[in-house]
Structures are given as structure tokens and as C-alpha cells.
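I have placed the structure first, in the form of C-alpha cells, so that the comments after it can refer back to it.
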Amino acid sequence: MKLIIAAIKPFKLEEVREALTAIGVRGMMVTEIKGFGSQSGHTEIYRGAEYAVNFVPKVRLEIVVSDGLADQVVSTIQKTAKTDKIGDGKIFVLDVQHAVRVRTGETDDDAL
Amino acid sequence: MKLIIAAIKPFKLEEVREALTAIGVRGMMVTEIKGFGSQSGHTEIYRGAEYAVNFVPKVRLEIVVSDGLADQVVSTIQKTAKTDKIGDGKIFVLDVQHAVRVRTGETDDDAL
Amino acid sequence: MKLIIAAIKPFKLEEVREALTAIGVRGMMVTEIKGFGSQSGHTEIYRGAEYAVNFVPKVRLEIVVSDGLADQVVSTIQKTAKTDKIGDGKIFVLDVQHAVRVRTGETDDDAL
Amino acid sequence: MRVGQGEITDMTMNAKFAGNVKVAGLAALGASLVAGLPAWAQDAAGPIQNPTVEQMATMVDKGDTTWMLVSSALVLMMAIPALALFYGGLVRTKNMLSLLMQVFMIVSICAIMWVAVGYSLAFTAGSPYIGGLSKAMLAGVGTGTYGATFSNNVYIPEYAFVIFQMTFACITPALIIGAFAERIKFWPLMLFVIGWSLLSYYPIAHMVWFWAGPDFLVDFPTDMGLLWGMGALDFAGGTVVHINAGIAGLVGCLVIGPRVGFNKEPMPPHSLTMTMIGASLLWVGWFGFNAGSNLESNGITALAFLNTFIATAAATVSWCLVEQLRHGRPSLLGAVTGAVAGLVAITPACGFASPGGALVLGLIVSPICYIFVSTVKKMFKYDDSLDVFGVHCIGGIVGAIGTGIVADPSLGGQGWVD
Amino acid sequence: MRVGQGEITDMTMNAKFAGNVKVAGLAALGASLVAGLPAWAQDAAGPIQNPTVEQMATMVDKGDTTWMLVSSALVLMMAIPALALFYGGLVRTKNMLSLLMQVFMIVSICAIMWVAVGYSLAFTAGSPYIGGLSKAMLAGVGTGTYGATFSNNVYIPEYAFVIFQMTFACITPALIIGAFAERIKFWPLMLFVIGWSLLSYYPIAHMVWFWAGPDFLVDFPTDMGLLWGMGALDFAGGTVVHINAGIAGLVGCLVIGPRVGFNKEPMPPHSLTMTMIGASLLWVGWFGFNAGSNLESNGITALAFLNTFIATAAATVSWCLVEQLRHGRPSLLGAVTGAVAGLVAITPACGFASPGGALVLGLIVSPICYIFVSTVKKMFKYDDSLDVFGVHCIGGIVGAIGTGIVADPSLGGQGWVD
Amino acid sequence: MRVGQGEITDMTMNAKFAGNVKVAGLAALGASLVAGLPAWAQDAAGPIQNPTVEQMATMVDKGDTTWMLVSSALVLMMAIPALALFYGGLVRTKNMLSLLMQVFMIVSICAIMWVAVGYSLAFTAGSPYIGGLSKAMLAGVGTGTYGATFSNNVYIPEYAFVIFQMTFACITPALIIGAFAERIKFWPLMLFVIGWSLLSYYPIAHMVWFWAGPDFLVDFPTDMGLLWGMGALDFAGGTVVHINAGIAGLVGCLVIGPRVGFNKEPMPPHSLTMTMIGASLLWVGWFGFNAGSNLESNGITALAFLNTFIATAAATVSWCLVEQLRHGRPSLLGAVTGAVAGLVAITPACGFASPGGALVLGLIVSPICYIFVSTVKKMFKYDDSLDVFGVHCIGGIVGAIGTGIVADPSLGGQGWVD
């Protein structure tokens, strides 16, 4: 199995979720994060004092899928989340050794 | 070492933490996330307009443990977090190559 | 490539980010988490009822870098985030198999 | 209208809230020639007994009317948003919106009920225990009818009196829900509120607050309430509002049972900021509740205002001192809980006590309530989620007992004043 | 100053808001010997016609002045923070601060404009459609000039009238922005507000609210506004404020076009807690808006207050019932939206309806507004972000039509009263 | 009680706040026969000099009493929740609750102190620098004693005066804490507040605000304060409250030293929403502060209210314009900071300036304060966390200087009015 971690723009979340559901992804974990990258943040000014806000709000997805589905998930996210503007995000793929469904105790591919 | 990632129901957090402490886990990272899975969300209605809320609040644990402890951690989480209702969550196990304790610079199993 | 996960004290974030930028890190994901570890939490009292707050606010960094840079990143974080007080945090290193930049479709080291 | 058993004939009531008759321009002339002398001149001759509605029209001071309207707005603000935020901040995030919703709807439903039947059941003659339906839908109340105050020959527009009492009828049921917050369903709660208003609030308001007014006492000497005759003092509603609501809350939480997870999971307040906003606005609004209860704007009103201020401040400080002694540091929740306890305790006493008496009452109430919310609740294991019993009922009882003491003129109190 | 077409000579106005002349101590003596009899004595002789400013000075009741100042503070509170929070809670997190900023600045800019030109354009004689600039920068207004009320020989300090109307001029443009929230730029919005105040608000306020006052009607019989003559009733500004703002909002949102992502992404409210705080404070503040519009503090003021209370409560409940029927459960957003609809609907009627009429008006307005915000909006696909048209304009129209009905004395209404 | 050096004998004071004697029904008759003529008749004969307490009882208008009570409630609301939220939103999340707690407790402690000794030290005769302890625990103050206003033969219940001044004594120390927010410990702060009240606030209040009242000036001609004689004008407390608090804040922040991480880590405001709510309620409450300071409800009160409104609006706009010029866009924090600067600046001038003067004062104060909070603070590197010095002290000084100018009758000001 693979763990696919993706940082995307927040307003793309719903679209990506739908696209993934369409190709058979049945679950994911979503976290609101602050992203740092080439997309620059902005400056906030409080009573004349400037604060550089280097972080940009992003959404981070974690999806565990069977090896077979992984490539398709990556390309689906890449296509759906893309806006061609800087800051669209990244996708990373890691190896997962083991998976368990808490409710049933099913393991690995059955757990997904 | 292993990184154990678990998505569980929020109200189970305290119980799981206690159970893990009991078997010798000494640290973890906890994140509030939105989970998507077979447990369905709900519909919110604002002035007649319906919004499907597809995400369910979950808590995500990340625990790095020595290889020896990993199985016990997984089974402890699975047993403690279980409510037999849909949406109990998942546990994933990944390989960790290296660990460092910031304060001391100790590495790997010593760092945990 | 490596995924470096670090839990550090929140007020060190800006310093660490600067130090990493200086050694060539070009992106990261930042999450506010609750940390559990040897650093003890505190007790809150509400109308005479005591609540143990076992978690301490931490910030979690995720940085994917090429294999070559990984060690330097780890040591930079370790040095910068260190305060010599308990609760300084941990750094974990995992293997990443694949990386994609959403905007361009570039992969692996090019994606970072 | 502090006390009164309601032994009043319908005739009396027609005279008092002299309904129906509009005061049209010159029509009031005859009466005016009698009533038209400045107030001090009337004092010289003694107050006019049993004034007609035309005479009453000349006994209204716009300063009083303004004060009653302002006070009413303040008491509504106590319910929404103040009480809703005070309670809302104390529950878990997931229950915040439902709690806000409950308070908002209770206020709305009770407002409708008050106009429909509540005012009539509480403030018309009937049995000693409850009024009649002669003023249902405010029949007979108009822009030319007047309500009595505690001073001879001082009247306010009856609508203003209706409104002021309406805000009390709206906030009191909302107080109760803190006792079984986080576990009650919406519509059953609304039904409970309707039933409790009819069966508990209106009758008790009638028994404690209904009387003929000062200008009708001489000729209607039996128009003196049972509790009044017994010497019970309740300036602004310690009994009717706080003890009454506190008991309802306790019974409710016992009947409904504890929250799922009670004493197993932690259930800390989700936003003390909201609770602090709520407590602050409760404090501000309570001036309307307490000083407004004088029904006019004079020195006693100012005294009630000052006592409300000082007792609350004292109770805040004393709760913090208790926490300092017990836990080594005071807390924001302790401070605001003390403030509410002080507000509750001074409610029955605010027009009777001296500022010094109010100070002492405030200092005393916090430690007592503290024991109830921390120790007694733990001991008996009831799940009074937001301490309605421990703060409102116990604070109300401390206030009720304290009132008898601090009203004593030898302690600087006002004694029994009109 | 319910209606008035503004056919008033400058001379009349000088008499009415008898400007410029300070009432210096003994200087008023001559007039006082005439005017100095107590109010009831004047009633006997009929009210004084065309009083001089010295006479007016004796016709001021401090209870009225206090009421007008309190009402003004309440209406400012309706704008900031109440309306800002009500709207702010409904937008997405990222737009919260800009919305708060917009409301805060609109209030500030409109306050300056009101003093500079607004008051003069609305409340001096000029053309039938707009006043003149004779009181620009409040020239001629002073601590010794007075504004008329709806009662003969009852005056308030003109500054108090200026302030009260100022709060209306500040909140009305802020109402509009809900229709194109989340997509308008700051400075263009400010320019729009300035233009709309000059071209729409001041003229309409002049046409609907400017008249000579009751003491000048006899000798200036043509000083009766066109709309007044046509029998239009608008107690507290249903037309001037709500319908006017609602239409501006609709036009604005059509011109500007929908938000990026409209009907594609979900745009749920980001904090119903803030919206509930806002709605609650709107309710409290609206007492100043509606009951303050009587310009004095008497039984009619109390009636307007009560009607505001009861219509709002009724509309809250009826919106929740609609939701219960349609969706199986009521919502907090539904409750507070209903409350605002009720407040809007009762605004033109509050001083005319009986409490029963207000109750019915409240019950009716919610279902009608519900249809507009849920069905009609969807049907026509305009992006009225926060339902300014659906709630304020439609609610205002329901109120305007309802006023004609509930004011009928045979339905318990006040008819046409001064 | 604008100015006064306190050279007043105890006898005078007994006459003025004619304590102790309750006005019992007919007991006042003799006096009434003299005092009982309507106000205009007294004007003809000139005001009654040195009235007795029985005469004072006939010189109370309930409209004034209501206004003072409302104003007091508004000023308390300025402290809790308004100031607490204004400051609280500006600190980091972790310091929010402790800041709310500090404000809440300061209010409570200062309320107790005011009743215990503060009122007596500020408002009884003693030395020129501080009063005595004759009214400690409000001894001699009762429902039948009265406080003077600025008009001849106009009195308010002394309790109302006590309360109004009490709210000032509660909020002023709370203002200071913004200067050393995020680093002060709880109990040391409370000790500081107690000490500062005793050593700074009560004496300065005594020196600036204590005088004999207008009816006692003729026979007690030396009862004119040093600052008054020097022509200092301070309508609502620019000097006593804002400059005084601002200096205390600056000294405090220098003594305590900067926050850990100052100028190293960013410390942005954690919730501008809370800050905006706070600023809005400060604006609303400030009407009580400023217009309430007239101690009665008349045309000057309305003028003070209007000036408060317009100066604040102008300062809001001008701060935003400065930001637009300097940074290319205005900010919410800028708008609300400007509002507070405007409120501070108009405080001493509000009863003296014309609306035009208030407008100019508002436009001027923001750029000056802006320079202090952005440039001067950076230059001198002191850590005035929430800009108490830059906004309150500097704004107060601008207001104090401006007052002398805008009060000039040739600029439309009121001159020196009673």
C-alpha cells in the first residue's frame, strides 16, 4: 500500500474529493495546514508595524491506497488540483507497511 | 522504528492515550483532522440552501516507536478505539529511518 | 527523497524556517498539533473541578528534500529548535518514493 | 409589586390598571383641575386615593417611562445574547449552536405566551394563586392605561409595565436550561418551557408580585399579599426568578439524568471568552433587572443600582480569593461565576440594603456557592451541567436570607420602604 | 415626522426648529409668563400654536431627551457591532475582517456626511424632493433650538433629533452591503455609499419624514406631505430604510454579478455564534429604532416597543416552524433570520398596530421571506449573498402592506394618531 | 464638576451633598412652599442660593436621574466587555484569558475601593490635593441626599452621582494595563491598581472635578478650583482619565521592561474580530462617558453626544486615509484605533466644541497618534504593547490643547458654559 500526501489549495478540496471518489478512493484524512513554498505570503500592517506572513493556507490530504491504485490517485489529484498558478501544491508517495481497520480488525488492503 | 498513524474518534483520544502510556509509549503527536470515509457526514441547511458536509471530525495520532513495540501499539489502539460503529478509524504503519531528540541530539530508539 | 517530520516548540517556528531557507529548503508544510511527551501538561480548574491537560501545543513540520540534503536539514532543525529545556521536540526521517509538483507535473527532485 | 396574595376584586384592578379608557385631549380637563397641581402641592394634602385613569394620566413622569423601557431592553439583553453566551461558552463546541438556539427560541416563545396569557394570569385578580384571563391578549390594556409603582400617585404606562415583566418571563425559563445543557432535545425543551411557565412561573409571579398599588391600599385593606404580610422581602425577584429557576433546574437534571460520558470524559468549557462576554453583559443588564424593579427612577433606584454594582464586585473578588486559597490561583471562570452569584444574591435585597450590606452579602455568597458547585455537586453526583442549582438557587437562598438581615435599618438598611 | 412633502417655507422652518436664538436666563421671561403654566393648563386652553423658541424651551421634558439619546446609542449599536457581526458571521472566514471594516467605515463616513450636508438636505425646506443647504454643517442648530415631536407642544433639543436621525443615516447604507458581500472592493463601496446617500437616502428621507410639526399645521395647512395626504403610514422607517436599502442591494448585486464560485463551491456561514450575537443585539437595539421613532417617551412609545418585541418573537417562531415542516428541524440561522424579518416587518407598523396585530404580522412575514430566500433566489439565480432583498425588502413590503391593515382601529390598531 | 482645587469647607459640602437628612413626606412642606413654584418662576426671581436638602428634593428631574443611570451602565459596559475585548483581541491567544481576567478583576476591586474610600477621597473637602474620609463607606449618603449638576437648582440623587463616578474609577486603571499587557503577573497588577487609585486617581479627580456646585458659588466665592481659575477645560475627563492613565502606562511599561521576544518574534493581534466588537461597544458606551458627564439631560448633553459621534467618525476616517497614503490600503485595526483616538481627543472638549470643531479635532488626532504608535515607539524602543501612551496619552493631550481652541465662541464653541 501507499500513503499519498498532497498539499493543495483549500478551495480545490471538494473537487479533488469528488474526483477521487469517482476513481474508487474510499477514505482520506484532511488537515488544514500552513504551507511555505515559492508562493509568497503577504504583509500585514498593525498600527504601522509590518508583519511578514510567510505562510499560505493549504489543505493537506492523506490517502492510503493499494499499490495498484496509487498512480491513478496521484495523477487524478495532479489534474484536478491544478490551476497553473504558483502554489498549486505537491504530492508525495510513501510506502505503507501495514493497515488496520479499527472497527473490524481487518488488515491491509481489506482495511481501506 | 515505525511511525504509526491512526485516525480515531475524538472522544476516544483520552482513553487511547492512557492505554498507550500503560504499554510504554512515551510520546505522540495529535492533530484534529476532518475524516472522509464510509461514515457519512450530514446535511446543513442555511436559509433553505442545503450543504452536504462530507467530512467528519476525527483525531489523528502519530506515534513513533521501536520496531518491537509497534505491533502492540497497533493492537492497543485497535482495541481501545473500537466502538463497533462505522467510522471508528484506521491505523497505518510506516517505516521510519531515523529519529532525533532535539534537546539532546540522541538518535533513533534513544530519541523516543 | 526523504520526508522529515519534526515536532518543535511553536515560538521556534520562524527561526527554524529561516535557518532552513538559508540551507536551501524551498518548501514545507506546517501543522499546529498537540504534543504528548515527557514535558508535562498542566491542570485546569473549572469551578473546583480539575482537568488534567496532558497535551502541550507544538508545531509539526513536514519537509520533503532530496536524499543529499536530508542530514543537513535534520541537524539544522536540531540546532535551531533546541532550547535545552524538556519538550524541545523530535525529528523523524522517512523514505519518500515519489514526488510530484501539481502545477507542472514535474516529478521527484524536480518537484521540490 | 413586591408581594401580594392577590385577594383583589376585579373592580380594584379596573381602577388600578384603569384600562380601556383613552385619555383624549380635553376630556381629562375636569380631573386635571384637581390633579393638576404640582406634585409637592399634593404632598401637602396627602396623596390622592384611588385616582381615576384621567388622574393617573397626570401622574406619569416621562423620566420613569424612559427608565422602564431602558431597563426592559437591558433585561432582554441579559437573555440574548448575554445568558446565551455565558452558558454557550461553558459547553463543548459541538453544543454551542444548539444552546444559543434554545435560549433564542425560549425568549421568543415566552414573549408570545406572556402577551397571550401570561400577563393576565400573573397580574389580574383571580384566585390567590393565579390570576384570571380578563387581560388575555392584553385586552383592556392600552396607551391610556397605567400601572402602579411603589410610590403614591406615581404611575407608568401599563404597556411599559407589561414589557418589563415580559422580559422577566422570558429570561427565567432560559436560566433553567443550564442545568441540563448538552443533553436535552429541542422540542421537548420547548414543551417543558411552556408547561413550566404556566404551572410555575405565572402562579408564583402572581403570588409574590401582584398587589393593588399604594393608592388603593387604604380603601382595599385586604389587598395585601400573604407573603407581604409575612414580611417576605423580594425586591427584584430572588424568589420568583432565581430560586424558582434553580429548583426547576435541579429537578430537571435529576429527572433527565447525567450527560453521556459524565465523570468519564473531560467536558471543559469551550470558550471562556464567550462566557466572559456573557457575564459582563449580564452584569450590565442586571442593572435594568434590579434597579428597573423599582418601577420609577429616583434615589431608591440609584441605591438598587449601586448595591447591584457593589455586591457583584465583592462576590467576584471573594470567589477569586477562595480559589487562591484552595488552588493557589484565581481563574477567569471563578471570577465570572462569582459575579453571577453576587448578582443573584443581591437581587432580592438591592432596594433594601445599604451599600455596606450589599458588600457583605457579596463577600459571603461566593464561598457558599463555591462549596455547592465544587463539593456538594461531587458528593451527590448530580449532573447540573452549568451549576444552575449551585449558583442560582443557592445564591438566591443566600440572598433571600440575607435580605432580611441587611434591610434592617440598624444595619443601614432601608427597612420596609415603598 | 412621519410623512411630509416638504412644501414648507423657510420661515416656517425657522419657527419650527427655531434656530440660532440662545435661550439666555432671564431673556425668556416674557415668553415664560405666557408659556409658563403647567402643561395641563395649556391643555385646557388648547395647545399653543406656532410657539416661539422661548416657549419651546419650556416644552422640553428631560425624560424625552434621555429617551432620544438612549435610542440613538441603541441604533448605533445596531450598526456596530450588531449588524457587522450578523453579516460577518454569515460570510466565509477570509471575508470577515473586510466586512467588519466596511460597516465600521460606512458608519463613520455617513456620520460625517450627515453633519456636513445630510441633515440639511433631509430636514430643511427646499424642493418637494430634497431640502436645502441652509443647515449644512448644522448651521443654526444649537443647544437652544428644538425639534418637534408628534404631540402638540412637546419638543426635544434639536441636537437630539439630529443625532437620532444620524444613526438611521449611518445604518441604512450598511444594510445594503449584505447583498454584494464577499466581492466588493473597499473604496468603490465607499464611493457608492456616498453617492447613494446623496441621491437616494436624503431625498427619500426628506419626502417621507419632513413636515412642519403639529403646532404649525393650523397656520401652515399646506405643510402636509404628499405621502401623508395619500395615507401612507411609516412609523419607524420601513420604506425609507428597509425597502429602500433592499432595492439598492438587489440592484447592486445584479450589477456587480455573482461571487466567484457562486453555486459551485459551498459558501456556508463561518460563525453562527457571531451571527447570533449580532441578531440579539439587533433585536435589543431595534427598540431604539422603533420606539425611539416616536420622538418622546409615552404610552405610544411603550406600544411601539412592545410590538417590536412581539412581532420579532412571532417571526422567529414561525420561521422555525417553516423549517420544521420543510426540513424536519429548525436551525439557529432560521431563528435569527426570522427575528430580523419580524423586526423589519413591524418597523412601519410598530406605533399603529395592536399587540395582537403585531403578533400576526410577525407570524406572516417569515414564511413569505422564507420563500424568497430559498425558492425565488434560486429560481432567478441572483447572488444576494446575505439576503438583503429577501429579508429587508420583502419584509419591508410585507410590513408596509400590513401596516395599513393592522392600524385599522377595528382590528385594535391605533388608527392615525399623532 | 469640571475643575476645582478643593478649597472647600466641610460646611459647604454638607450643604451641597446635603447628606443624612431623609426627605420624609410632609417634612419637606415648609421648603416646598418656597421651592414649589415651577422652574420658570424661579428663573424670574433668579435661582435659589444655597438650597436646603428639602429644596434640593424638589429640584430633581427623573429624566436626569434616568440619564445618569443609563450613562453609568454604558460606562461599565465600556470596561467589561468592551475594553477587555478591545485589548484582548490585540494580544496573542495565550494571553487572552489572563487579559480578560485582569480587566474583570480591576473593575471589581476598584468598585469596592470606590465605595470604601474612593468617593470620599475624591468628593469631600479635605486638603486642596485630596478629600477626607468623612464619606468613607458612603457614610451620610442616602436616598435623600443630592449631588449638584452644572445648572443652578438642578440636582440628581447623590447615589447616582456616586455610581457614575464609580464607573470612571473602575475603567481608568483598566486602561493602563494595555501598556504592559502580556507580561504582568496577576496579584502584583492588582496591588499596583490599588496603589495607583489611592495615590494618583483619587487625588487628581479631587483636584480637577471637586467643586461646590453652582448654587453655592455666590456665598462661597473661594470654592473655585485652581485649574478652573487657570481656565483649564475638561468636560468628561481627558486629563483625569486619559492623560493620567497614559502616563501611568508609559511609566509602567518602562519600569517592567519589554515582553520576552519583543522585536524578535512577531506578536500580531490574535482576533481583530474581538477588537472590533470592543471598539464598537467602546464607541457606544462612550456616549455615557461624555454626554453623561453633563450630569443632566439637556441640549448640552445632546451636543456632547453629537460631538462624540462626529469626532470619532472623523478620526476613524483620517486614520484610514493615513494608512492609505502610507501603506496603500486601510486596515480594520487602523479604523478602530482611529476611533479610540477620536473618542479620547473629544472627551475634554465634547461639551464645549461645535460639531464642526469636533470634526476637525477628530481629523487631526489620528495622524498625530499614528506617528506616535508607528514611528516614535519604534524610535525609542519602549514596549507599550497596546499603545496606551500613543493613543490615550497623546490623544488626550491633543484633546486638551484642542479644547482650548474649539471652545472659542468665535469658532462656534460654547465658550465656558455651565
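The letters A, B, C, D, E and F name the chains in turn, as written, and every chain counts its residues from 1.
Criterion: a contact is a pair of C-beta atoms (placed from the backbone, for glycine too) under 8 Å apart; a residue touches a chain by one contact, two chains touch by 3 or more.
Note that the structure is a prediction, hence the values are computed from the model and not measured.
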Winner on C-beta contact pairs when B-D is weighed against A-B: A-B
Chain pair among B-D, C-F or A-F whose interface repeats that of B-E, sharing over half of the contact pairs by residue number: A-F
Distance between the centres, which are taken as Cα means, of subunit E and subunit A, whole angstrom: 50
Centroid spacing, where centroids are CA-atom means, of subunit A and subunit C in whole angstrom: 17
Subunit C and subunit D: spacing of chain centres that average the CA atoms, whole Å: 55
For subunit A, residues that touch 2 or more chains besides their own: 31, 94-95
Multi-chain contact residues (two or more partners), subunit E: 38, 61-64, 66, 70, 266, 331
Touching pairs among all chains present in the structure: A-B, A-C, A-E, A-F, B-C, B-D, B-E, C-D, C-F, D-E, D-F, E-F
Of subunit A, residues touching subunit C in the complex: 2, 5-8, 31, 33-38, 54-55, 58, 60, 74, 77-78, 81-95
Parts of subunit F lying in touch with subunit D, wherever the complex brings them together: 25-26, 28-29, 32, 35-36, 38, 58, 60-66, 68-70, 72-73, 76-77, 80-81, 84-85, 88, 96-98, 100-101, 104-105, 107-109, 111-112, 115, 137-138, 142-144, 157-160, 162-163, 166, 186, 274
Residue ranges of subunit B in contact with subunit E within the complex: 44-49, 51-52
Touching residues (chain side subunit F, partner subunit E) in the complex: 38, 40-41, 43-44, 61-64, 66-67, 70, 74, 272-273, 276-277, 279-281, 283-284, 287-288, 291, 296-303, 305-306, 309-310, 312-314, 316-317, 320, 329-332, 335-336, 339, 354-356, 359, 414
Touching residues (chain side subunit C, partner subunit A) in the complex: 1, 3, 14, 17, 26-31, 62, 64, 94-103, 105, 111-112
